[in-house]
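Below: one structure, written as structure tokens.
Labels A, B, C and D are assigned to the chains in the order they are written; within every chain, residues are numbered from 1.
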Amino acid sequence: MLSGNSIGRRLVLTSFGESHGKCIGAVLDGCPAGLELEEKDIQKMLDLRKPGQSLVSTQRKEGDVVEILTGTFRGYTTGAPITMVIWNKDQKSIAYEKLRTEMRPGHSDYPAYMKYKKFNDHRGGGRFSGRLTATHVMGGAIARKLLKDTIGVETNSYTTQIGKIKMKKAAAKKEFRSIYTNEVRCPEKNTAQKMKSVILDARKKGDSLGGIIESITTNLPVGLGEPIFGSLESDISKAIFSIPAVKGIEFGSGFAGSEKFGSENNDAYVMKGGKVSTKSNNSGGILGGISNGMPITIRIAFKPASSISQIQQSVDIKKKKSIKLQVGGRHDPCVVPRAPPVVDSLVALTIADHALLSGTIKPTL
Amino acid sequence: MLSGNSIGRRLVLTSFGESHGKCIGAVLDGCPAGLELEEKDIQKMLDLRKPGQSLVSTQRKEGDVVEILTGTFRGYTTGAPITMVIWNKDQKSIAYEKLRTEMRPGHSDYPAYMKYKKFNDHRGGGRFSGRLTATHVMGGAIARKLLKDTIGVETNSYTTQIGKIKMKKAAAKKEFRSIYTNEVRCPEKNTAQKMKSVILDARKKGDSLGGIIESITTNLPVGLGEPIFGSLESDISKAIFSIPAVKGIEFGSGFAGSEKFGSENNDAYVMKGGKVSTKSNNSGGILGGISNGMPITIRIAFKPASSISQIQQSVDIKKKKSIKLQVGGRHDPCVVPRAPPVVDSLVALTIADHALLSGTIKPTL
Amino acid sequence: MLSGNSIGRRLVLTSFGESHGKCIGAVLDGCPAGLELEEKDIQKMLDLRKPGQSLVSTQRKEGDVVEILTGTFRGYTTGAPITMVIWNKDQKSIAYEKLRTEMRPGHSDYPAYMKYKKFNDHRGGGRFSGRLTATHVMGGAIARKLLKDTIGVETNSYTTQIGKIKMKKAAAKKEFRSIYTNEVRCPEKNTAQKMKSVILDARKKGDSLGGIIESITTNLPVGLGEPIFGSLESDISKAIFSIPAVKGIEFGSGFAGSEKFGSENNDAYVMKGGKVSTKSNNSGGILGGISNGMPITIRIAFKPASSISQIQQSVDIKKKKSIKLQVGGRHDPCVVPRAPPVVDSLVALTIADHALLSGTIKPTL
Amino acid sequence: MLSGNSIGRRLVLTSFGESHGKCIGAVLDGCPAGLELEEKDIQKMLDLRKPGQSLVSTQRKEGDVVEILTGTFRGYTTGAPITMVIWNKDQKSIAYEKLRTEMRPGHSDYPAYMKYKKFNDHRGGGRFSGRLTATHVMGGAIARKLLKDTIGVETNSYTTQIGKIKMKKAAAKKEFRSIYTNEVRCPEKNTAQKMKSVILDARKKGDSLGGIIESITTNLPVGLGEPIFGSLESDISKAIFSIPAVKGIEFGSGFAGSEKFGSENNDAYVMKGGKVSTKSNNSGGILGGISNGMPITIRIAFKPASSISQIQQSVDIKKKKSIKLQVGGRHDPCVVPRAPPVVDSLVALTIADHALLSGTIKPTL
């Protein structure tokens, strides 16, 4: 499939809409018939990424109320494309007018202007807005439910680092339930406190912070994924890099693993009650691109949000001259706390895609 | 496209063959008609990843002589699929017989066994062998030539870290020519020496080492890539993770960037002779998924090779019991020095794909 | 792309919605940025297939008012997905309740029931309804405008046969303007009269009629289409068979051509003012799957509509017994007169797809 | 998938090679692991389309001996891409030299010249040669075996018309075994005789004839195919039109059906031993694009071969002037007798693709 607005092979998500247009939405095609599905199943997850919930995120009020337009009948999916929309509200496009020619550093303004010329809908970032990740969640909420209801796979992610503040170690399964007990989505209570305060400092300075999200997927069957170009790492990373602020990803021991010896990094096999398992999980649950039954562990690097209110050096693309630019509007001092549902969505979509490809999940339930 | 054996949308590479079968090969489809192409153009690049060149890599002798079967006529591409093969030689499959049921830690043996049952061609790793990356280079050599001959884009990569030995800083353009002056493919002469010695130590211990490759693509036009799922990061990462040992990737400031403030990480725009450019390049040349004209900078983490000759704890999948396993055969103590041509190939394939998608390169030259 | 709800490679149309759901709609992805587009451009063409316009078609009133949700900005396309919907009205779903288990002959009821089980939205035929062809027209109206505004290609089609009533010969270019001057969409005035009367007869008898549509595309550049599986015939036929009632298609001399000798069927080349052209056009403008610059001529066979009000022999799939079935509701005695805009749409979508693939039309105008 | 050299979604056939190049071949990707497969399984079917078998076809000797290069191991498929080649022999390319600029009527010469310029490999028709249909048979032989060995689906086709000589009626199942008892592949003995003689007459005159192939697929499960763009008619027709000489296709009652009333054309349902079936089969086994369990019946129109030795009017594209052209070389006076294995192959590939998509056939047997 040619377009950059769709992802997936057997379960295909097509994202549409603009940040300040009539709506944003998605078509999820290939979802099996017979999955119980109501709007609240999707809304729940959308609410977790919704902005305006606390000072750590933007103060824009985005209702983000999802409406299912097609693909369900009497509370179940039909096998037809599932179309979902969020009708946009509360846009202040005026603030963006001068940005047509004044390029915001770190934003897509400049390449978008060169690629689409004057035709690009720049308002609120248009297609490039982080707001579009809500369309990932629309599809991801369904994929996540499909995985859980059929084969019991669960995807969880959380904030493990903000700026220089880091969690002491990866979260244990039992800690997943406390991810959403705080605004920064970090299961370590004290670390969460510190994270919040560095974010609020950045906000005061009109600056922004980045961070790292950790994603753990449990209860996977052995054998999902394909050698060469269909590896789980290939497909998951392609999906994750659709999040505007993501600039890095690693699986299992990742970058740290490249400093180790093979004898340290190889995960020894053990038999546990007739079931094969590994002592360590440096592979992150993926060998040769295929799931080995251990949890899939991913770490994702987010850059600090490009939108800051400090004065920055830039250019006016039309006047072809240097300028001092100060960007108004309401920004996220840190987008990381809003990212876990998006990451969960993209991981779930990819794994559900492979589960359908391999016949692990049937096209009609 | 559904299969895991193909990659690309407009320029599609399909990989085929098995490590110990008759041959390995590739079909490159979508290459424009009119590109001057001979076997030596591909052979040159294949020779740079060929094993058996020094003690830092495996002592297996793989001739890796490419033959073009289709798609060229009188020294030019015709627009038809370009089929290339390397006829296999010097396989010692016997060594692999017992591995049918004894699972090598860190290898794909176990998930492959569960996915394909007894039908998997396990000899020499079959489809999962690093040897298959030669098929990436077959296509990549053509993509790289296409980019250079038409729009002047150049891709270079080198070893920046082996185990704990690191280069002091990213290579400058002028250093690219010295990448292949040493066996570890590191442009810093002294660092290269240290890298070589730690690899030879690992070899003596029957152990292996990982490392990091840095890739730099220069002279890109502004505007390649697409928002959302067709971002350059998405497509490049999908391609790069097809390399068996890769476990992490980052663009620009990557993971380090997530510790910075937005005011530090944003790249200020400047006008240079009527041309827009940025002071720094923390974005790695990609904003909103689209090239901004600055060099694309990528760092790629390789795990230490799974094949080590030390005794490891494992299981016999058929007897369902724990075993002590010692893997024979000839291994790479470190695959990183052989990776730069593979990385260049996958980056070039992805960028050529987008150049064709966007009409920057025409279907008939 | 895997799903049956999308078509196209570079210009992708995804159809969504159900006949009696909230809406039907389409996403057109890959349309170049910079095409002038308003809702009325699409509405015009939708109105030509709208039912309830005369006694020759169903008396159902379907407003079929299109709304563009995304992808345009200030009257131009942006390069982003164009989402369009028609909000459904005037459905009488009750009439369909018993049809859940009583299978209408000639309809998709039975295979759909076996494929999707109870989950299929059967109301009004759900996804199988001819009503869904309105989503083809949404995309087709844009493709047709794109072709006309950029490279001057024009697609026209008309009714050449209803039941046994046939036009004397293919329409000349100047006759195209009279296609929509009558309800059956036949440019021959007298033939149109006869066609209308046989349709009204069939209606009286509670029966239905089929027919044949002829499509002529003019002003094509030479060289669109690809050898083997990307031939214009392959892609056009795939598109056309998405119309529920279509059971046959032929290009140029088609079935009649298979009775001829090569010496009769070959189109001799002639030079006309330095331009190559052919004396006859038995090839229908396509040689080796590629356009040769002559008009593309297609004939499409439509079966008589399956919905008739006569009593028919059938089965109750649940009770597993034979039944006598009489289908109520308002039907088209003949769908052919509503088909020309749908045929034009699918031909235009396919040709625009190839024009984009070949770089004949640029991604930003 | 963008390219015109591949077909299929889950089971993908990629065709490569040129008529007078080193070889022609195919990669079949997505074939399940565990199918018993040897070269002779493919060779058998290739031999049925091989030329030089009688006077009704060309006297060119093409050995057409297939070699499997990859994808099988110890007599079974592995799930990896299956690569097959036929090494070319007996080409007389010299005969084609002048054809670089003298355009053969009815051939692809002219559009190919305009599309690929001088880079097109015109020798023997290059990619446009009917010889490439051997690559369809390579994949088709495997698909056909897969269908038969797993779900018992059988595909048969035969010559039902040559020029004006027609079979009296469609062949009954028991007649399938006599298809290959004569050179024209027509199960009616006497009709076959007449067909042969008109072909030999045409040969004497240096002319050619067309005809019609009928294809019947039996024992299909209910539910293969998808609504809208994934209909069996859509996918089968796309595949069939990849055969160079095909100009028309119809399913079930097809064009004849468009003259009927709905009350005649609808197939009444009946219960046979608890199994649903239809009295007639005007639908050709496909309703709403989905198989209904009845035989899939297709009629395919072949134009008379373009290559004739009579003098024809044409143009020299370089000199831009009219010429009298006489084409030398050895031609098929009628390609129809060689087409049944090709038609069977393309139908089998399409149905196997849908059987895999729907999970009816598993990825590992």
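Before moving on, here are some points about what is shown:
Keep this in mind: a residue touches a chain if its C-beta (ideal position, glycine included) is under 8 Å from a C-beta of that chain, and two chains touch if they have at least 3 such contacts.
Here is each chain with its UniProt name: A, B, C, D = Chorismate synthase.
Only a predicted model underlies this, so the values are computations on that prediction, with no experimental measurement involved.
Between the contact lists of subunit A and subunit B, the overlap consists of C, D.
Of the two interfaces, C-D and B-D, the higher number of touching C-beta pairs belongs to C-D. The chain with its CA mean position farthest from that of subunit B is C.
In whole angstrom, the spacing between the mean C-alpha positions of subunit B and subunit D is 39.
Centre-to-centre, using mean CA coordinates, subunit B is 46 Å away from subunit C.
Annotation: 26 Å between the Cα-based centres of subunit C and subunit D. Across the assembly, subunit B contributes residues 1-3, 5-6, 9-10, 15, 80, 115, 127, 227, 357-358 that each touch 2 or more other chains.
Of all residues in subunit B, those touching subunit D in their complex are 1-3, 5-6, 9-10, 12, 14-18, 21-25, 27, 29-30, 33-34, 69-71, 73, 76-81, 83, 85, 115-117, 119-121, 123, 126-127, 364.
If you check the complex, the residues on subunit B that touch subunit C are 2, 80, 227, 357-359, 362-363. On the subunit D side of its complex with subunit C, the touching residues are 1-7, 9-10, 15, 103, 105-108, 110-112, 114-115, 127-128, 132, 161, 163-164, 202, 205, 207-212, 222-223, 225-231, 233-235, 237-239, 241-242, 244, 246-255, 257-271, 274, 276, 278-279, 282-284, 287-293, 301-308, 310, 312-315, 317, 320-322, 357-358.
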